[in-house]
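Following are the structures in question.
Each of the next two complexes has chain A plus one other chain: chain B in the first, chain C in the second.
Right after this comes the complex of A and B.
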C-alpha cells in the first residue's frame, strides 16, 4: 500500500510541476496555452535520450532538457505571442498538433509511435533511483524547488510586469513595458521548467511514447490549474493531487464495477468543474464567488465614497 | 461527532473491502473505459471463462480471482494500475493488453518479478521485454509469413500495403519485403498513414493506380475499419487482407469488409481435445451460440496457463510467485491450451500455427492453417 501511495505521490509531484509552470503563464501573464504537454514531451524525450546515450545523472539530463525546451519555446513564442488572447490559444493548439506529429514520426529521436523503452533509472550518488520510496522524495523536492523558483519570479518586478500585462496589455504597454519580451521570457521559463517534469517522468516510467503528451494531457494540466485555483501559489498543486488521486480512490470502492469507474470518473470531473465554476470560479484555493462579490462591492463603495468626497470638495 | 466516527469507520471498511479472503489472485490491466473499452470487454470474457473453469475443476487449493484494473489503453494509467496490483494486491501474474500499455508495465514487471502476459498486442517488439513478459499470442511477423503463401497460392502476387508507421506496421512491411520474393511476389505500393488520419480517399487512389491484386491493411481500432470501408467506397476491388487486429466484432461486421482475409492464431475448434471442446461449448452457451474471437481464446489461454503452472507449484509445495511461475514455464515443454498443444520460444512468446480466415456474413471462416517455424 505504501509503495502505491508513494507511486501516486511521484505522479502528483510531476504533474504539480506541470500545473505550477502552466499557472505561471496562465495565472500571472494571462497566456492560455494548450501546448504545455509539448514541453513536457520535449523534456521527456531529451531526458530519455541523454540518459540512454550520455548519462542518467539528473545533473546532465535536466539541464539538457531545459535548454532544448527553452530554445524550442523561444522559436515558437516569438511569432505566436504577437497575437492576443483566444488567438494564442488557437496558435498553441496548432503547436500541440504539430508536436504530436513530430513525436509520432521522428523515429530516430522519439522511437515513433512505439516510443522509447528501457530508459535507465535516475543515477545519483552512484545509486539507481527507481523505487517509489526513493523516487518520491526526489520528485517532491524538485516540485518544491520549481514552486519556489516560480514564487520568487512572481514576487519580483518581473512578476509584477506579468500581472500588469495580464490585467491590461494596453495599459502595461503605455507604461513602457516591453510586452513581447516579458511574455516571451515567461513562456521560455515555463517551458524549461515543464521539461524538468518530463525528465522525471521518463526516468520514472522508463518508457515513454506519444500517448503521454497529447492534447488530453495539456487539457488535464489546464484543468488542474483551474480546479486548484488560477493565479494562486498552491492551487495547481491541489488540482494535480485531486485529479490524480481521485481515479485511484474510486478504484478502491469495491461496490463500483471496474468497468464503470472510467465513466463515473468523467461524470465526477464534469460535475465538479461545473459546480466549481458556479460557486468557486477562482478554484479550490482561490477566492470564493462570495468573497469576490464582497471585494467588488467594497471596491465600488470605496470608489463611490471617493467620488462623493470629490463632489463635496467641488461644492465648497 | 458520533456521525463522523461512523462515517470514518464506513470509509475505512470501504477501502479495506476485498482485502480479506484467501483467493488466489491475479491481475488484469485492461481498457475498461474510453474508446478502447470494447476490447476490455472482449478480453475479460475470455479470462473470466478460464477462471470459471479452473475453479469448477478445483485446479488450485483456493478459488482463483481476477482483479481488473482500468488502463484506458494508456501507459500512465496502466503504470498506476500495475503498481496497485503489484504493490498492494501483490499478485504474481498480470494480464496485459495493448502495445503501449505492455511496454509501460514491463519494467515494473521485471523489477518486481511479476509475470505480465500479453494476449492482445502483436507488435514484434513485445518479444523483447524481458523474462517476465510473455506473449500468449503469435506476433504479427509470424502472421505475415502465413498470409503471403496463401495469397500467392490464390494468384495474388502483387500486394499493396497500407500501414501505420509504428513497430507493428514496420515489421509487417519488413516481413512482406522478405517473404513476397520467395513466392515470386512483389510489394507494389507501401503507403504509410499517421495514426490520427481518418480520410483515405487519396490512399485508395494510389492503391488503384498500383494495380495490386491484394491490399494488406496494417492498422488497428477505428482506423483499420475506416481504411477497409473507404478503400471499397473509393472503388478498390482488390482482395483485402489483414492480421489478427482485424478480428474485432465491429470490424468483422463492417459490410465493406466482407470477403477480407485475416490471420489469427490457429484454433482448431474441431480438434477433439477436451480443453477446446469445453471452452467452445461453454462460451457459445453463454453468448447465444456466437463463435469466440482469437482474443477471447488468447486470454482464456493466458489464465489457463496460470492455472496449469500454479497447480504444478502447489503440488510441488512451492509458493505461487512470479519467479516460480517463470521457472515452471521454462521447465515445461508444452501446454494443452485451447486450439491444441503449444510451446513457448525462449523469449517467452508462444509459437503456434497460424490460420488464414475469411470474413463471410460478418464472421471469420477458417480457410487454411499454416505451421510456422
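Right after this comes the complex of A and C.
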C-alpha cells in the first residue's frame, strides 16, 4: 500500500510538471497546444540516451533534454504563431501525429515501437535513486521547483505581457508588445520545462516507449489543466492528482463490474467534464462564472453611446 | 461642391510647429469599397485635431492605417520624416504613437494596477535591463491612478470596473505609455456629466504637458471645447480640414453630418 501511494506520488509529481507547464501557455498566453506529450517524450528519450551513454546525473540529462525540447518547440512556434489561435491547435496536432511516427520508427534514437530498456537510475550522493520512497521526494522537489519558476515568470513583466496578449492582442500590440516573440518565448519555456518531466519519467521507469507520449497523453494533460483550473497557480496540480487518483479509487468500488472499469472510467470522465464546464467553467480551483458575461458590455455600451450621441446631435 | 468646401476651409494649422505625422494620399479599399480615399493631413506637435464625420466615414480605419493594424492600399505615412508604412503595430507604438479603442480592449483579467504597469513594460524579457526601476514604475502607476480617479481600485480587475472607470482605465493606460502622439477613439462617449468634466480636465492637462492628440469624437462640446483643428471625413474622403469655427459653420458639412433634418 505504501509503495502504491509513493508510486502514485511520483506519477502525480511528473504529470503535475506537465500540467503546470501546459497551463503556463494555455492559461497565461491563451495558446492551446495538443503537442505537450511530444516535449514530454523528447525529454524522456533525450534523458534516457544521455543517461545510457553519457551520464545519469540529472545535471547532465535535464539540461540536454531541455535544450533539445526548446529547439524542437521553435520549429513549432515560429511558423504557427504567425497565424491565429485555432491554427496553432491544428499545427500542434500535426506535430503530435508526426512525433508519434518518429518515436515509433526512429529505432536508433527511440528504440522504435519496443522503446528503450535498461535506462540507468538517477545517481545522487553516490546512490542510485529508483525506489519510490527515494524517488518521490526527488520528483516532488523538481515539481515544486518547476511550479516556482513558472510562478515567478507569471508574476514578472513577462507574465503581465502574456496575460495582456491573451486578453487583447491588438491592445497589447498598440502598447509596443512584440506578440510573436513573447508567445514564442512562452512556448519554448513551456516545452523545455515539460522535458524535465520526461527525464524523471525515463529514469524512474527505466523503460520507455511511444505509448506514453501519444495524443492521449496530450489530451489527458489538457484535461488536468482544464479540470483543475486554467490560469490558476495550483489548479493544474489538483487536476493532475485527481485524474491519476481516480482510476485507482474506482477499482475500490466493489459494486462496479471490475472487468468494465475502463469504460466506466471514460463515462465518469466525460460526465465529470460536462458537469464541471456547466457549473465551474473556470475549473475546480478557478473562479466561478459571471465575469465573462461583462466582456461584451464594452462593445455594446460603446455602440449605444455612439447612437445616443448621434440622436442628441440630430435633435439640435 | 466638394472641391469648394475643401478650398474654403483648408488647413491653416500653425506652420511653425514641428510635423509629427505626415500623411499623403492615404488609401484603403476593402474589396470594392474605398474606406479611406486620398487623405492627406499633417499632425503637428501640440495641436489637438478632432476627426468628425458620420458613421462609416472611415475615422477608425484612418487610425488603424496609422497604427499599422491595417495595411494601407496606397499613400505614405511618415513619422518625423521616416516612412512607417508597412511597419508592424508594435514597432509603430514604440516610436511614440499610442491609441485607445472605441471598445476599450482593456486587459480584462488583470487588475487596474497591472493594466497600467504592463504598458510601461513592452520588452519581452522577464527583467528589465534598462529603463525605469521597479520603484519608479510603481510610483508612476500610483500617479496615473490618482489622476484618473482609480487609486482605490488598484487591485480590482478591469472586468469588474464600472463603465466610466473602464473608460478612465483606457485613458490611464495611454497616459502611462509615454507616447508623443495619442489617437483617441471616442474616449468620452457614454460618460456621465461628472466623469465627462474630469475627462476634459485630464485631456487639457495632458495637452498642456506636450502631448499631441488626434481624437475621434461625436460630442460637439468636445469638438469645440478642446480642438485646435477639425478634420471632416465623409465616405473616406477628407472634405475639410481647418479651424473649428470655419468647419462647423460650413452649411454643406452640417448638412452631410446631420442629414437633412438640420
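Convention: the second predicted complex is superposed on the first by the 287 of 316 C-alpha atoms of A that agree within 3 Å, B and C clash if a C-alpha of one lies under 4 Å from a C-alpha of the other, contacts with A are read in each partner's own complex, and residues count from 1 in each chain.
The definition used in the following text is that a contact is a pair of C-beta atoms (placed from the backbone, for glycine too) under 8 Å apart; a residue touches a chain by one contact, two chains touch by 3 or more.
All of these numbers come straight from a predicted model, not from anything done at the bench.
When both complexes are overlaid on chain A, the residue A:181 reaches chain C alone and has no touch with chain B. Residue contacts after overlaying the shared chain place A:170 against chain C, while chain B stays out of touching range.
Of the two partner chains, chain B is the only one that A:113 touches; chain C does not reach it.
In the superposition on chain A, contact is made by A:158 with chain C only, not with chain B. Within the superposed three-chain model, A:212 lies in touch with chain B and out of touch with chain C [touch as defined at top]. In the superposition on chain A, no contact is made by A:278 with either chain B or chain C.
Within chain A, no residue touches chain B in one complex and chain C in the other. Chain contact summary for the complex, chain B toward chain A: residues 14-15, 17-18, 32-34, 37, 40-41, 44, 68-70, 72, 74-77, 79-81, 83-84, 87-88, 99-100, 103-104, 106-107, 111, 123, 125, 128-129, 164-167, 194-196.
On the side of chain C, the complex with chain A involves touching residues 55, 67, 69, 88-90, 93-94, 98-99, 101-110, 114-115, 117-119, 121-128, 157, 159-160, 163, 166, 173, 177, 186, 189-190, 218-220, 257-259, 261-262. The part of chain A that touches chain C in the complex is made up of residues 152-153, 156-161, 163-164, 166-168, 170-179, 181-182, 185, 231, 291, 294-295, 297-299, 301-302, 304-306, 308-310, 313-314, 316. Taken in their complex, chain A has these residues touching chain B: 1-4, 7-8, 11, 100-101, 104-105, 107, 112-115, 117-118, 130, 132, 205-209, 211-212, 247-248, 251-255, 258-259, 261-263, 265-266.
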